[in-house]
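You will see two complexes here that share chain A, one where it goes with chain B and one where it goes with chain C.
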Partner chain A sequence: MAERPEDLNLPNAVITRIIKDMLPEGVAVAKEARSAIARAASVFVLFATSSANNLAQKHKKKTVSAQDTFLALKEMEFDKFIEPLQESLEVYKRSQQNKKEQKEAKAKAKKAEEADKNSGSVEDNSEDGDVSNTMEASLTTDKENDDVMEIAE
Partner chain B sequence: MAGTEDEAVVTEEQAQQTEQGEQAVEGEGEEDGRAGLRLPLARVKRIMKADPAVQIASQDAVFIIAKATELFVESLVGEAYQYTRKAGRKTVSRRDVDNSVEAIDALAFLDGALDWS
Partner chain C sequence: MASPSKSPTTQSPGKSGRLSSQPSELMLPTQRVKMIMKSCPDVETVPQESLYLITKATELFIQYLTQQAHSQATDTSSLRYDDLATVVHSLDHLEFLRETIPQKITWAEAQKLMEQYDNKFEGFH
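Here is the complex of A and B:
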């Protein structure tokens, strides 16, 4: 599979936003500096992924887990990220759980509504406009508790 | 990479507009569900896929790497800015970034990696 360089880039606008938020007002970033930082970010993803994957494989696991990424970051000497990341992860997991519950509640309510109608005619069973979570769509069961998403296609 | 920016610096407005546009395209626009994460998870996942050795990653792992990348960008910018300030300049230059990479052990993985396009 040919990997075009564009595929490995993170959105410029988001990177720029993060950069600007870090700098005091009145400080600008040269275009070359910005693209270097954007590139560095992509390389960071690759490096962190590779390190985490190595750790997973070392422990005979097929899935890269949250734990693997934390250990990888420690190995990469980014210990200072670990605590804030753990906090962010908690918030993220809670919101994912909320979304899941909301979706289930919605589906339940819809089913109840349809049952109430109690009509003999064929109902249109198409899903409503929910945008399904792309990550949930590729869930595979795994021994671990967290949801997994297929990396290889 | 297709670069359409002529100015040296992207304006606030442009950054915001493009950001919304890109988020809409990615379909990851729910700010509330992602713990303040700005990078799109789908894009991060795509980069992770580039590694042939990686088969499956948990959703949490992808999130952590995405969030860590944001922290990394902030960290790198902070370092580069020290050089900018020392030189009495108001614009962070490529040289400032390079100096940071050279000076910090943890950034050694970036050596030479910033030059491919």
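Here is the complex of A and C:
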């Protein structure tokens, strides 16, 4: 459960960016319009989540699967999103897989290096560490999110 | 092994501020979306795939809403609140937004409506 009202809001800076990229250059976006779109986006998340969750529960499942999400979007009459989402998901899964393999390869190399020289790795793995964290199921330490929130605040 | 160069797929969209050329990259922060999802009753764990999809779908939704509102605006040099309200009240599948983005009327229009309402029921007072 959210503790504060702002927890259910998406960052204004990102929303403004998405809006502006959709419109021709020079179109002025009223503040009220922007905040209406931001509210609508939050409501969309809630609606899509609850629809997908209802579908999952119908099949006696505890978690919302990708399948449930697609079906929910269909129910909400956002069929047009389904194909681009499926494509994006494929690309995303592949890139996650690549990151995972890269990480494993590096860990292997690092181990071998340490075993040989016993002098520690010269590589700075901090950024990769954060990136690889995003691919784990927990999604708790997403450095990119922190950066976006800083810009927004 | 030298420090690996960052491939385009690992760029943070928030930092660059530009719409990423990679279609799979997300602009909205997944943690925030996850918080909203978890505020739904009965939602326990959110699998990574679903979180990705809902976040991406929300980005598409923002684009869709913006485009629809602007396309039917009388003054296309700007995007105003009323453009949003109009489109939400004219498209059926945006019905879920009608309370979030209500149509506004002026006080004069509201008064007129009230007068009409009173006139309708004149004989029943």
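Everything that follows uses one rule, which is that the second predicted complex is superposed on the first by the 118 of 153 C-alpha atoms of A that agree within 3 Å, B and C clash if a C-alpha of one lies under 4 Å from a C-alpha of the other, contacts with A are read in each partner's own complex, and residues count from 1 in each chain.
Everything that follows uses one rule, which is that contacts are C-beta pairs under 8 Å (C-beta built on N, C-alpha and C of every residue); 3 or more make two chains touch, one makes a residue touch a chain.
Note that the coordinates shown come from a computational prediction; the quantities given were computed from them, not determined experimentally.
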{"item": "Partner chain in contact with A:Ala30 - chain B first, chain C second, else both or neither", "value": "both"}
{"item": "Contacts of A:Asn12 with chain B and chain C, given as first, second, both or neither", "value": "first"}
{"item": "Contacts of A:Ala109 with chain B and chain C, given as first, second, both or neither", "value": "second"}
{"item": "Chain B versus chain C as contact partner of A:Met76, first or second or both or neither", "value": "both"}
{"item": "Contacts of A:Gln97 with chain B and chain C, given as first, second, both or neither", "value": "neither"}
{"item": "Common ground on chain A, meaning residues reached by chain C in one complex and by chain B in the other", "value": "7-11, 14-15, 17-19, 21-23, 26-30, 32-33, 36-37, 39-50, 52-53, 57, 62-66, 68-70, 73, 76-78, 81, 84-85, 88-89, 91-93, 95, 98-99, 131, 134-135, 140, 142, 144, 147-149, 151"}
{"item": "Chain C-facing residues of chain A, complex", "value": "1-2, 7-11, 14-15, 17-19, 21-23, 26-30, 32-33, 36-37, 39-50, 52-53, 57, 62-66, 68-70, 73, 76-78, 80-81, 84-85, 87-93, 95, 98-99, 102, 106, 109, 123-124, 127-128, 131, 134-135, 137, 139-140, 142-145, 147-149, 151"}
{"item": "Residues on chain A engaged by chain B in the complex (per definition of touch)", "value": "3, 5-23, 26-37, 39-50, 52-53, 57, 62-66, 68-70, 73, 76-78, 81, 84-85, 88-89, 91-93, 95-96, 98-99, 131, 134-135, 140, 142, 144, 146-153"}
{"item": "Partner chain A, residues of chain B touching it in the complex", "value": "1-3, 5, 7-10, 12, 14-16, 18-19, 21-22, 26-27, 32-51, 53-74, 76-78, 80-81, 84, 90-94, 96-98, 101, 105-106, 109-110, 113-114, 116-117"}
{"item": "Footprint of chain A on chain C - complex, ascending", "value": "1, 3-4, 6, 9-10, 12-15, 17, 19, 22-24, 27-40, 42-54, 56-67, 69-70, 76-81, 83-85, 88, 92-93, 96-97, 100-101"}
